[in-house]
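Shared chain: chain A. Partners: chain B in the first complex, chain C in the second.
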Partner chain A sequence: MSERLNIVDHNQLFRQEKYVRQREGKRAFEAPCSPEEVTSTLEYTKTTEYKDKNFARTAVVVNPAKACQPLGAVMAALGFEKTLPFIHGSQGCTAYFRSHLARHFKEPVPAVSTSMTEDAAVFGGMRNLIDGIENCIALYQPQMIAVCTTCMAEVIGDDLSAFLANARQEGALPEDMPVPFANTPSFSGSHITGYDAMLRSVLETLYNKSGRTPQPGHELKLNVLLGFEGYTGNFAEMRRILELFGVPYTILGDHSSNFDSGATGEYSYYYGGTPLEDVPKAADAAGTLAIQQHSLRKTLGYIKRTWGQQLSSISTPLGIRATDRLLEEISRLSGIEIPEALKQERARILDAMMDSHTYLHGKRVAMAGDPDMLIGLIGFCLELGMEPVHIVCSNGDRKFEKEAELLLKSSPYGTEATVHCGQDLWHMRSLLFEDPVDLAIGSSHLKFAAKEANIPLLRVGFPIFDRHHLHRYPIIGYQGALNLLTQFVNTILDVMEEQAPDHSFDLVR
Partner chain B sequence: MSSIVDKGKQVVEEILEVYPQKLKNDRTEHFEIADEELVNCGTCSIKSNMKSRPGVMTARGCAYAGSKGVVWGPIKDMVHISHGPIGCGQYSWGTRRNYANGTLGINNFTAMQITSNFQEKDIVFGGDKKLEVICREIKEMFPLAKGISVQSECPVGLIGDDIGAVAKKMTGELGIPVIPVRCEGFRGVSQSLGHHIANDAIRDFLMGRRELEECGPYDVSIIGDYNIGGDAWASRILLEEMGLRVIAQWSGDGTINELGIAHKSKLNLIHCHRSMNYMCATMEQEYGIPWMEYNFFGPTKTVESLRAIAARFDETIQEKCEQVIAQYMPQMEAVIRKYRPRLEGKKVMLLIGGLRARHTIGAYEDLGMEIVATGYEFAHKDDYEKTFPDVKEGTILYDDPTAYELEELAQRLNIDLMGAGVKEKYVYHKMGIPFRQMHSWDYSGPYHGFDGFKIFARDMDMTINSPVWSLLPSRQTVEVSV
Partner chain C sequence: MEAAVSNGRLEVSCGNKIPKSTPCPRPVPGEASGGCSFDGAQITLIPIADAAHLVHGPIACLGNSWESRGSLSSGPELSAYGFTTDLGEQDIIFGGEQKLHESIRYIVSRFAPPAVFVYTTCVTALTGEDIEGVCKAESERLGTPIIPVNSPGFVGSKNLGTRLAGDVLFQQVIGTTEPEQTTSHDVNLIGEYNIAGEMWHIERLMQQTGMSILSRITGDGRFREVGWAHRAKVNMVVCSRALLGLAVQMERKYSIPYFEGSFYGARETSYSLRQMAYLTGDRDVERRVDKLAAREEMRLSLELEPYRKQLKGKRAVLYTGGVKSWSVITALQELGIKVVGVGTNKSTAEDVSRIAARIGDDAEYIPEGGARQILKTVRSRKADMVIAGGRNMYMALKEQVPFVDINQERHKAYAGYDGLLSLAKQLVHTLQHPVWGLAAKLAPWEEETEFAD
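Now for the complex of A and B:
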């Protein structure tokens, strides 16, 4: 390398004396609170009195761990081959969905908008929808367009069904182009509800279009649904497991290749996804297995009602027992015994857990995230002898809460836990101060509370903006359990070593 | 007309060929190729500030993004309510990297998401009552907050809530300013209107409302710097080193008091002209404060700007200004000495928001790089007029380009670097084209000022000259020898 320059960026630069002086000088114009006031208020916010106020609030929401419906609908749309997510409403939302997903997956996110403005608010967005369909077909040549709505379209009451019929009549939308659509207002549910609504619509639309009648069990095949899945690695792991079983399968909504494509020198809008023709055929499968039951309620209801298949739905299979359950369900639905290779794998992961458990045992944990993932995490923590203490689920409901409580009751390690549904990460902050724990598990959004509580954050879930590649590694199945275990135990060892006095800075752990 | 201009026109025509007629007609008007005449006279006929066409991938956001995301969000000692459903606040939470000093959640609320989380019942019955409760709860939860802004999301405007009345009532009740900002996302054609709406609210509720105890002859304000990665700090340091007193930062690391005292400046210095020119114009009109645009990207423009700023003051400042320049120039020369050979002749394409599409050109040129195409997400006519003098003949200019247009252009122009936003970033990675996020500096920065240029140069070098690009089978890159 040529001339060595000492270039410091934001992380170091502003520690330089000149910037410290600048910071202090600027206070003269800020009319700031006094340092004493800041310190005393900070301390006050850590008290029980503050916590009680925090939990008494009824209207304001601070740092929630949930996003809105159309984000999930976009993800669901990208689970299908050559499908263009099309968002009907004002255009800023689309920019947000694209950037939010791009920041998590570090991948491009194709999606278009009808770009509705004031005039559409008055006259409705039909013209925008029809023109938009014509434009996007010319430009992106999709096989399917998956339309969802933003708040704006929902509030003014745009009728997607009628608009799409008009688009066909006008010839902007070819007769044979499937256009599933879902109403996805941000003012109800969350990203998982939107995922569910769009997936259901895709299945229904493609199935109805085929004109078939269901013949459940006609094929020895499983339908597999992963739901609002932030881990592309989980798709690979699910496929590997099913292939070890030797059971033919169709993943309904496989967005993994669209969110994990290679750099080849060329960009394509579409990298993969479930082939459209596989959807009607899926109605003939022996059964359907869903690994996010809370995120897939409408979809599962549709499959049950219309396709009449055997259904099995579990929460994200994290850890050993949940994976056992997953394998048992695959075995039950397919009639194939659990393969020896997976049994051996289980034994190896158990061995790893035995090796590591001492560092994790008794560690008190706070966690936040989506309902299915939380059920999985609770289960895995209990298996490791870790103690879930604070569980915050901003988008959970009574059904989730009951399930979580039942699971916690099943283990002596779960007795201290409290489940907080509909609460946010500012509630979590109070919980962490009032009843401290050793570790936090959740998305990047939890990093602020974790930092204040001075505990490490194990990044699991969605979104993970501030670490690279975690989503490429599976967290489901035995292999996923090993990945999580590795992340958990080594984080704890890192913390131990940071805190270790010289005499305990051990070579062997 | 030169052949390079013809060639550019032909490239654009070819690209637009795939569009349906109506879209093609529209998009054609949003392109221009700089020829000598245009470059010299600074006039242009490019259409801007028009609606994006439906069904295409535009890089644009919305008025809410402009108001809450850009202008209000960085004001650190206020709580900004994302008023409406959950999504908007969630997606704009901490993603713009507008740094602020203070204790998060205590006297600094920038990296937080505070929302009214509208539910169906709020849509049906209206959210005004809830907003009152929210304001009271904010006062309880965040006792040191110096004010509250209410950033309206789409449904709030559509259902006809009167947030103005609520804000007025709560201002009286709580004793801190509660400011309604009607920045619903459906308003206008881009985030640009959001800036305007945000500034109007600053004008109506805060501007000129506070006193500065002692005014001085060298008091200036930094207008339109959002402190991305610490930009405003790296700018402020130079102004202070040359003897000026910066009394307000609008709005990066800003405070409600600074918004209230800026009218006491002797000169307003505006960096992002697109987002805050209204404020400078208003302060000029109401308080007679002159203002000027400056550009702190790259040493050439920074030096030019510093001297132009100094020229507005007396010899003391001018002398100090020269000292500051003299002090930093050896560092700048060392940076250029190191990086220019590695970047010389590299072709750059840009798509950025409102000012950087032209402001950064000088910084690239300081490193020997060439801008072959540039344009804005949400510029207005004056932005393009200001851009022309800074580009060379043959440069392709585009307004609100679609993702498709940029992708095609990037390939046909065989560029070495693309600078745009996170939505674009990974597309170019697939194509094997080095990319920098030029909205949030790709999590780096600052890029402003002399300290910022060092980082800018380092980042461009690491991006373009990473060995990783040469591993792609289908893309040829020339290794730079060092």
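Now for the complex of A and C:
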């Protein structure tokens, strides 16, 4: 190496004086406001008066904190072995889903589109679907094709079930190839509803195809559902816990290996996922455990109705209490006692929480994200003595709101909180100014509001585009609690250090 | 050769493996696809930094796309805000026009933008929302231009969307304002999006020769500024033919001569500056450009020397959009890199013939997307690296192939003379990174097994 890597990126480059001057020169052509006007308007947007106007807004969404159904459906499809997500609609949607997931997981994302165009809009997309199936089988050799719709297909009312039957009749689609499909228009629900719809369809399709009748409890296995899960690390943690229990399990929808494959020198479209033959067998399991309840309603309903097994659903188990609950549920469903190793782990994590509690105690927090994640975060914050204040859930409903409020009421640290369902990150911005907090928790999208409010953002949830590898670490279970705790407390220490005057710049914290 | 290109006629023997390409080809069902027309229109207009961009449709189109472009602004940031009417089922059934009315009013009253661009999506096009009517009514009511962009995803490819956005600018924006002052050296840059601040480099070069940018279309652009584009003396269409239509229309209506050029590579940069200067008709400016080009090329060739040594003979597969398909090839060739494979997915016929003029039959043409195709080329042509965009980055890394990001998410500017130096450094550093060596060697236990055999 002859020279050290020094390629300035735009962060540093355009601070050079020549560029700053150039930019100033440009203002002459802009007819800009005066700096005073800019400042005063900016200040106005931080007032209560502005906040009221912002909250009176009904028509337009400014900076949403949700994505659409088919994005979730693609994630669900990638939870199964050799399964190709196939999106029925115009081509751009698929490109968006691929980049969205690729940016979060830093992994390639196979997914194809029926690429509907104007003629399909007029005559229906059947031809595109049939040709598309033929093409993608030839190109990608999938074992299963998971079809979901986009708004466009839904608006023109394409009948997937009939189209797929026609595709089979024409011979474009082999008789034995399972093709689960889900109707996932973006004008209802969000990415979590889409995940749910596709997962349910996969289970139903594979189960029906097997021609079995359910024999619940026939096997001493547990089915485990993680839902719309942005953390591959959570799958590993879930496995580790179940293995410590020694309970056999099937994860229904395991996309972790597809989003966390090695650089082996050979790229493959499919790296893993739940084996297709495991799905019908799952009907014989002793019970099903879901660690996202709001995102899995349809799927859980299906399992309950059709497979008739014991069912347990909790929200994302973040923190001590929620993990306790997880372990109790595993123990209850499997009949195995909670292993000693996990009990010790709990004590160790409690120790870590005690070590750090002084820095976290009383910190006021704003958070935005998906319903199950938020329930988990609220619980964990309360355990840490942190005070959730603003909770924004763009895709939350009444049921979530009630649960969140109940949880908040259970602790004196939750009394100040307000839950805002259906609101967006521009509402959050107003909240941050009207009633300031110490830190924010949420996806990368929250970084702009957090920066303006001059508070650190703890990146938790989906999507995280601007940090690397966070998703590889678990946030569930005791171990996950330790990871989050580490992230939380060290962020706070970083901020303290940045702000410390010389005499307070101390070594031991 | 360059002269032939600038005349729009390319009379070079291109061999027989050159793919036939039609402008804005139809997407093929069942393949991994690129962006749609909505995407194309949005990325073309969003760099107009002080305007509000409102997506009229369900959450999908905005929810999956906002904040994802690397176009930098030197001032206003309003275009980075994600505005959408977020239509729900009820709106699809009963119509979302009222919501659109209210959304526009809210945005104008709260954010006071110079203009609002309203994007049609698949859904609102299919349900037949009268977006033009709403925009017209609100424009009159509010006194702010509300501009409908009719480019729903299903009409076709991203390139087509870019063209449609060009039409929108021509019909509804350009010619609506007047600059306070003009000079005889005013140039419009069309199709330069200021990714990673590239336009600022170009602007500096132009300033040094006495030329100035009148309208930035659209990187770091301002609405009013785009409005007075018709007063320019020259239009330069940067790299892409998707906005060529705009330049052609401006030539017809306002008699502004145009040319196509690029700022990737020293040769293309000098050529573009010369062409600009030539079209302004000012001999002084031309002389200044000549001097600048000579000076910069000399400096650059000295500074590039150590990197050229290391890059000489290296083989690259380039997979990028039509925008950079041919111009980056020149830049790479100047560094001594051999382009052994090139994507033509989003390239127009003209782009393809330019690619051909630069690499002829020596390289593999990859007409369609799909990781397999790219990787096949990498293997069969023994490429040392892949140069592409984010969606294809990770599959290259799986194959342990060095990768350099050239698309909209990169943070480094590669345009102009300094840009070529940055690109050279980036390529050398990428190739030299220790991880490739680590990956290429067997793990110690694997080596032992080999000995045992």
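Here is the rule we use: the second predicted complex is superposed on the first by the 503 of 509 C-alpha atoms of A that agree within 3 Å, B and C clash if a C-alpha of one lies under 4 Å from a C-alpha of the other, contacts with A are read in each partner's own complex, and residues count from 1 in each chain.
In this text, a contact is a pair of C-beta atoms (placed from the backbone, for glycine too) under 8 Å apart; a residue touches a chain by one contact, two chains touch by 3 or more.
No experiment lies behind these values; they were computed from the predicted model shown.
With chain A as the common reference, chain B cannot sit beside chain C without a clash. Of the two partner chains placed by the overlay, chain B and chain C both lie in contact with A:Y19. In the superposition on chain A, no contact is made by A:T274 with either chain B or chain C. In the superposition on chain A, A:Q91 makes contact with both chain B and chain C.
In the superposed model, A:S113 lies in contact with both chain B and chain C.
Of the two partner chains placed by the overlay, chain B and chain C both lie in contact with A:H100. In the superposed pair of complexes, A:S313 makes contact with neither chain B nor chain C. Once the two complexes are laid over each other on the shared chain, residue contacts for A:E37 go to chain B alone; chain C is not touched. On chain A, the surface touched by chain B in one complex and the surface touched by chain C in the other have residues 1-3, 5, 7, 9-10, 13-14, 18-19, 22-23, 26, 29-32, 53-54, 57-64, 66-71, 86, 89-93, 95-100, 102-103, 106-118, 120-121, 128-129, 131-136, 139, 150-152, 155-156, 185-188, 190, 261-268, 426, 445, 448, 465 in common.
The touching residues of chain C, when paired with chain A in their complex, are 26-39, 54, 57-68, 72, 74-75, 80-89, 91-92, 98-103, 106-107, 110, 121-123, 125-127, 152-158, 179-180, 196-197, 200, 203-204, 207, 222, 224-225, 306, 370-372, 375, 390-400, 409, 411-413, 422, 425-426, 429, 432, 439. Taken in their complex, chain A has these residues touching chain B: 1-3, 5, 7, 9-10, 13-14, 18-19, 22-23, 25-26, 29-33, 37-38, 41-42, 44-45, 53-54, 57-64, 66-71, 86, 89-93, 95-100, 102-103, 106-118, 120-121, 128-129, 131-136, 138-140, 150-152, 155-156, 185-188, 190, 261-268, 426, 429, 445, 448, 452, 465. Contact residues on chain B toward chain A in their complex (touch as defined above): 18-20, 22-23, 51-65, 77, 81, 84-88, 90-93, 95, 99, 101-107, 111-120, 122-123, 130, 133-134, 137-138, 140-141, 143-144, 146, 153-155, 157-159, 185-189, 191, 210, 212, 229-230, 233-234, 236-237, 240, 246-249, 253, 255-258, 261, 334-335, 337-338, 341, 402-404, 407, 421-432, 444-446, 451, 454-455, 458, 472-475, 482. Looking at the complex, you find that chain A touches chain C at residues 1-3, 5-11, 13-14, 18-19, 22-23, 26-27, 29-32, 53-54, 57-64, 66-71, 86, 89-100, 102-103, 106-118, 120-121, 128-129, 131-136, 139, 150-152, 155-156, 185-188, 190, 261-269, 426, 445, 448, 465.
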